[in-house]
Structures are given as C-alpha cells and as structure tokens.
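All chains are identified by letter, namely A, B and C, in their written order; residue positions are counted from 1 within each chain.
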Amino acid sequence: MQITGTFLDEISHDIPHQNWGAKEWDADFAHMKKMGIDTVILIRSGYQRFLTYPSLYLLNQQGCFEPPVDLVKLYLELSNKYGMTFYFGTYDSGKYWETGDMRHEIDVNLHVIEEVYKIYGHYKSFGGWYLSLELSRKTKWAIDSITKLGNQCKAVSDGLPVLISPWIDGKKAVLASTNQVTKDASVSLNEHEKEWNEIFDGIKESVDMVAFQDGHVAYGDLEDYLRLNKALADTHGLISWTNSESFDRDMPIKFLPIKWEKLLFKLEAAKRAGCEKAITFEFSHFMSPLSAYPQAGHLYNRYMEHFSK
Amino acid sequence: MQITGTFLDEISHDIPHQNWGAKEWDADFAHMKKMGIDTVILIRSGYQRFLTYPSLYLLNQQGCFEPPVDLVKLYLELSNKYGMTFYFGTYDSGKYWETGDMRHEIDVNLHVIEEVYKIYGHYKSFGGWYLSLELSRKTKWAIDSITKLGNQCKAVSDGLPVLISPWIDGKKAVLASTNQVTKDASVSLNEHEKEWNEIFDGIKESVDMVAFQDGHVAYGDLEDYLRLNKALADTHGLISWTNSESFDRDMPIKFLPIKWEKLLFKLEAAKRAGCEKAITFEFSHFMSPLSAYPQAGHLYNRYMEHFSK
Amino acid sequence: MQITGTFLDEISHDIPHQNWGAKEWDADFAHMKKMGIDTVILIRSGYQRFLTYPSLYLLNQQGCFEPPVDLVKLYLELSNKYGMTFYFGTYDSGKYWETGDMRHEIDVNLHVIEEVYKIYGHYKSFGGWYLSLELSRKTKWAIDSITKLGNQCKAVSDGLPVLISPWIDGKKAVLASTNQVTKDASVSLNEHEKEWNEIFDGIKESVDMVAFQDGHVAYGDLEDYLRLNKALADTHGLISWTNSESFDRDMPIKFLPIKWEKLLFKLEAAKRAGCEKAITFEFSHFMSPLSAYPQAGHLYNRYMEHFSK
C-alpha cells in the first residue's frame, strides 16, 4: 500500500516551520511526484491570525495578519504543474483547541469556503475540501459543525469531495504540549464502534472520505481499528482512507520522522484492512529529501527501495 | 527594520551546543557581516562552572572549570576582522535562576568586569557591556544589582555603553523546562508601564540601551508593548532597541528557528514603534546558513531576499 | 582517555530513528574505526514488539513483529569487516520500565540468549554480552535477574564477558518523558557506596565489566563517583569502564549531542579515576559525521583534533 497523498503543513501549529520559498516548494513537489503522490491537502488555510492566502474576509472581519505570500495560489500552481489534486483545508481560529467546541469555527468558515472557491475554484487542480477541525469522539457539536461545513463546501463547488481526518482516542492521544507519550484512559474498540457509528450516521451526507490518523493506538491494535473503521465507513457509504503518520509519536522529542519499519507496519495493516488510499501527515517535514530533518530523506530512500522492489 | 546585532550563545544554557571550532566561527561571522550585522553580544561569559575565557578569578575563587579555548579572545579578534562592535556579557553562576534574587551575582561580577577589561579592553572591537542577568518585573533586588554592575562597567571602561535585555512577563513567559507554550496569568499593559517606569527610573544612570525580548507576548499585542517600552525609555533617557527573537516560542520542541513571517512581523512592529536598533537572539543557531538547524539557513535566505528587494 | 566503544541504538526507545540502510551503517562503522572504536554494543535486541533480528522464539512465543532486516547479522558482518568486537544486548519487553521489576525480563531472555548464540555465535566478532536492563539502586530483584542472565550468557558461550551499564541515581536521573533536567532528591555518595557494594557482591560471579552512565550527576561531583565506582569494582573483581554519554542532559530538547567541552571534561575525570575503557552512548546519533544532528559531526571534528595533537 503506497502513500499517494500528503498534507501540506504550511501554517505551523506544532511543527516548526522550514522557511521554504517557491523554489524549495517546487523541488519538494517534484520529490512527492517521484514517490507517487497525486493528492496534496492543505492542513489549514489559517491558524489564529496567520494566513496562507490574503483573505479579504479574514483580514477585514477577523483581524488576521496580511501574509507575505499567497501559498494557496503557489500550491495550486504546483499542483497543476505536477498533475496533482489539491484539497483546501479550512481556517482554524484556535478557539476550538481551547474549548473543544467546534461551533466557534462554523460561521467564519462558511465565509472562507465561499470566498476561496470564488478566487481559486477555477484552478484545474482544485479538487476537494478538507475540514481541518480534527474531531474525536468527545468533540462538542462535531456532527452539527461537520455537516454545516461539508454542505457548504459541496454547495459552492458543485459537489467536490470533502475529507475529514479524525483521531482515535487511543493510548497515544496525548497533547503535544506534554512530554508524555501515552495516557492511561483510552477508548475501547467497542466504545469506538458505538460512538463512530453515530457520528458517521450524522455526517454521511456531508462528507465523502474519512482518513483516521493512525498514530494514536498501539501498533498491535492498529489493524483492528483500521478494519472497524473500514466496516463503519462501508455501512454509511463513506470512503475509507488511512492517514499514515510519518512522524514518531513514541519519542520525547516532538516531532521527528518515524522509523521506516513502523511506517511500513502501518501501511501493511491498512492494506489488509482494505483502505482505499493512504495519505500521510506529512511529506515535507518527515519524508522529504529536502526536509530539515535528515532522517526524513533516509526514510524516503528506504520507502523508495522497498516499493521499487 | 534590519537586524544589525546578534547575541553569541556560546555558553549553552538551554540551546544545545553546535561544537564549532575557530574556522566555523569565522565563517559564521562572515555570514553575519553579509546580512548587515555590526554588533555581537556575548550572552554570558560563563554559566555555572563552565567559562568562555580562562578567568583567574573564576578559576581560583569560584571553582570554575578551565575552558579548552578562549572564546572571548576569538570573538574579539573576529570582531576586529569583520569591523564589528563586541559587547561582553557578564558571568551567570546559575544561582539567580534558582532563587530569582539577583544579589547573588553582584560580587562575583564586580571582579569579573574589572578582570575582563584589564585583559581584553585594549581590543579595538571591545565596545560595550551586556548585563546578562535577564530581569523582569518580579526580579528581586534588580534595580540595586543592575545599578551596581552597570556603574562598575562604566567605571572600569571609561564609560562604555551598557545593554540589558529584559523580558516582558507576558503569556508566553514560560520556563524552557516545561512543554507548555503559554501561561494563564500575565502582566497587563498598565502594570507593565507602572512597574517598568519605576525600574527605568532606578537604573537610568547605569544603563544605556534596553532591548526587551519580543517573544513573550501575543503577536497582536507586541506593537503596544514596543511603543510603551519606547516611550518609557525616552522618558528616562534610555535608548530603545528590540531583541527580536529568531527562535519560535509557539512550538513544543524547544527551540527551533522561527517562521520568517513571524520574524518579519515583529521587525515591522519594532520599526513602527521607533526602536533604534534590532538585535536578535540569536544568529548562529537560528538564522545562520551554517546552523545545525537547516531551517535557519532558509530563514537567512528569506531574510536576504526580502531586504535586497 | 579515548572512547574505544559505542552502543548501537538501533531499536529506538527514546532517540528518534535515523532510517539508515546497510550502506549508511557501513560508512558509519568506517568513521567509528577511524576514531579508534574497537567495540560495538547493541543497546537491546528488541524493544516491546519490535526486533533487530528474526527471532523465532520472540516471533512465535511473544508475538513480536517480523523485522524488515536482520540487523544483528549486519552488525556482526560489519564488526568482522572492521575488526571490532560485538556485544549482543538482551531483549527488553518494556515491562521492566513500567514496573521497575526486572523479573519480567528473565525468562524470555534465557531463551533469547540461547537462541542468539546458536544462530550468530560462530561470527568471529561475537565477543560478549550486554545485559540491557539498566539497573539502579532501587531496581527490584536486580541481583537475582542480573545473576541469572549473566550466568546464562556465560553458560551458552563458553564464558564470553558480560557487561552492564547502570545509572547513578543522581540529580539528573530524570525521566525522558519530562522536560525537567534535574530533580531534588538524589543519592548521596555514602548511600551509593553502601548500596552498590551489596549489588556488586551479589552479581560479581555473573558479570565482568561495569560501565556506569556518567550523565546523572553534576559535573563537579563526577570524579568522586567514578573513583568510588572504580574502588568498588576493584574490591569485587569487576572491570571498571565508563559510559561517557555523548548527548546533553542539561537541555530541554531531548536529546541532542553534548558540548565537546563537557565530553572532554568527563573523559578526563574517568582517566584520573583509572577507568579501564571508555564507551559512549552513542556514536551514530551524537558523534558521527553522518548523524542527522550536524552538531554530532562537529563534535567528531573537535574530538579528532584534540586526540591527534
């Protein structure tokens, strides 16, 4: 099971920035292409007051800062150039992370979605939406929020597909702002099934693909969760992708590239579970030969060796 | 507003060491020069028992360890070579950080200041003093300590200028030894004004330049603080620099280079506030093409592109 | 005092993986050789369910995962090629770290030790054993466990030497999963002497070399501990090595290469204390020109400059 999609983590939330310019991004897309990536997903179009594109709405109505470059434009052009599909990630005010309540993010994103499609919808590579609000089972008002935003995406873009990438509330679902790598209380497979059955039932008309993050459960438990997620998605007519994380959640240093053996393990589990596509968070820091972390380039080499066999 | 000064963080406190030799430092000074840096400031001349120069006083009276190289000499020679002004940073026993009481650092530094100027004062590049005791509003005995040390610097060196670089007790003023990036209780603009008015009044005869660290408040609040600091400095006849930090305080990994957009944002705010000079903590880890963190080299490139436009 | 041995940290516990293939390992061994390393010690042959070699016992009886490469074989071949002695590190299920009770690791390792020697004992470079259970004074059942495992190693291999590398319960003995760098309660020199006298007396027939980790006490206290450890080892007929850690325990970022001055300081203290050999944890991340951390390559250069004088 090869990785054919990656997030673009340009608005840095908890991964330090690489300070690339247009030239470095172009070279990075070339490396992606070589490894078989056909889909790039902007992780978020803005975070708090920093933006990836000069949104008149966010600048004028939400007090955001003028960005020095238009990255959405750059990514769309590079996606055109390399024959990739670009998914636009919604805006994240940061309030949801503080409160756990998704409703804060609805209104502003109804505007953002409309605005963005007007400006960039004509690009050939503009191929879908990513709802950047990472939900889990305890997210307040998740169904309502996802439904409203997914519907808006589809309404303005004549039905382009909508992707979400939730997390499993497993033993490794700890905050980045702690050095812990595990927690004691975590969800059981049964609770996960019951709760996500409800969530999928609520959002199934507004979302197309679900790519659970694969780094929050023990390696030995992952395949069970992947199979369950696939079954739940099938039941509700959703498409099951895996978000195979390429950073290592088991280390006190947050976050560096994952060990190749672990990534391969997760991809093979996803294959057996029948996932339709593997994407990763994310190529440019954790798998790219251009990454500031040289471990990433070695991971790329191991990956290429394996899949060229 | 360009950066024309940088700290030299050779005695590592919380930033891991790069293990450079004389050749690497020379190359680094060349990069500094190219970007317009004319001032280098030794962050501290010793930390606990490790030293940057073979101080007979600190070796014999304070039990410090013999250093393998004389970095003060190296930096002064490189400053001569590249036409820069060198500020000598005082010794830090580490006791102040444990107790919050600056008085521990006075006596030892009265000796260090005298000794250092006798040995190195003849260098053309020896141009000033940096009082390495980073104070904030709650520092015990700060006025008394800063006054005594500043006066000693001026007395032994015929009045060479004295620099301090305090921190604002803002929401990001958290310890490096925690993974948190923000705290709840922080100073208000009014409290800051009242308290720093008193501090400046107390130290104004003993200090020349004040360069507040610019990383402890929210980006949206920074310009207000910079303007207030400038006004307070003007009132008391002090020169207002900004210490525009080039590492990113918003990340769980401590500390990697800042995003270019954030650095530019802070420099533009300092320009509008009328700061007389921008220095940074610090070039060699966070902005240098030679840094162990490749993000730093990319930051250098973005910076050079911007200011060569 | 030069470093002539290094651990190989291939099964990552808390140091992120470098994702090297056979080519990179070969080049790394060449760098080791050049710096005088004649001994390589596998830090552990497996951690939790991940393995360095395809152990039929661990795969079939303990539910471990099939490894993509046989690293034990690779390391033995490289040790043959470069004329080095290889020490095999035992398996670590992870249970000991959770409970502090070593008995969990005995049974499985009695099998592993037997199996490994059958498969790999014929290699010329297979020269010893490393008991990977890092003990300290409060380790439950340490004497019993070390004795049983050491005896087994000797029994199956006709008496090849057995190495342990305990830690001193000093002020820097903090968990990697915290950002703290020191703790308040730590052992005194007297307590250390009393407790390790008992431990050494219990294990002296089953172990040959003891290499205390040298990073858990203050720099100023290290020589006292090294001398005491040497005297205790001499009393019980054990050989005293030092494990001179090449990463920096004083930094909030865990873990990056140590400052050259600190490593030199520790090696000189070990020399004065009469240690018979210095090994390090570990070359490939923290001292190698090939390391993902460029500070490591600079450390290598400083080291080579110093010892070629």
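Rule of thumb we're sticking to: contacts are C-beta pairs under 8 Å (C-beta built on N, C-alpha and C of every residue); 3 or more make two chains touch, one makes a residue touch a chain.
If you're wondering where the values come from, they're calculated on a predicted model, not measured in any experiment.
Trainee: Turning chain A onto chain B with a C-alpha fit: angle in degrees, nearest 5?
Mentor: Between chain A and chain B the superposing rotation measures out at 120 degrees.
Trainee: How would the chain A/chain C interface be labelled, same or different, where same requires over half of its residue numbers to be shared?
Mentor: Since fewer than half of the residue numbers are used by both chains, the interface counts as different.
Trainee: Please work out the Cα centroid separation of chain A and chain C, and write it as a whole number of Å.
Mentor: 39
Trainee: Would you give the residues of chain B that are in contact with at least 2 other chains, written as numbers and ranges?
Mentor: Within chain B, the residues that touch at least two other chains are 179, 253.
Trainee: Where on chain A does chain B make contact in their complex?
Mentor: My answer: residues 12, 14-21, 24, 49-50, 63, 65, 67-68, 176-179, 253-255, 292.
Trainee: Give every residue of chain C touching chain B within the complex, in rising order.
Mentor: Interface residues on the chain C side: 179-181, 219-220, 248, 250-253, 256-262, 264-265, 293-295, 298-299, 301-302, 305-306.
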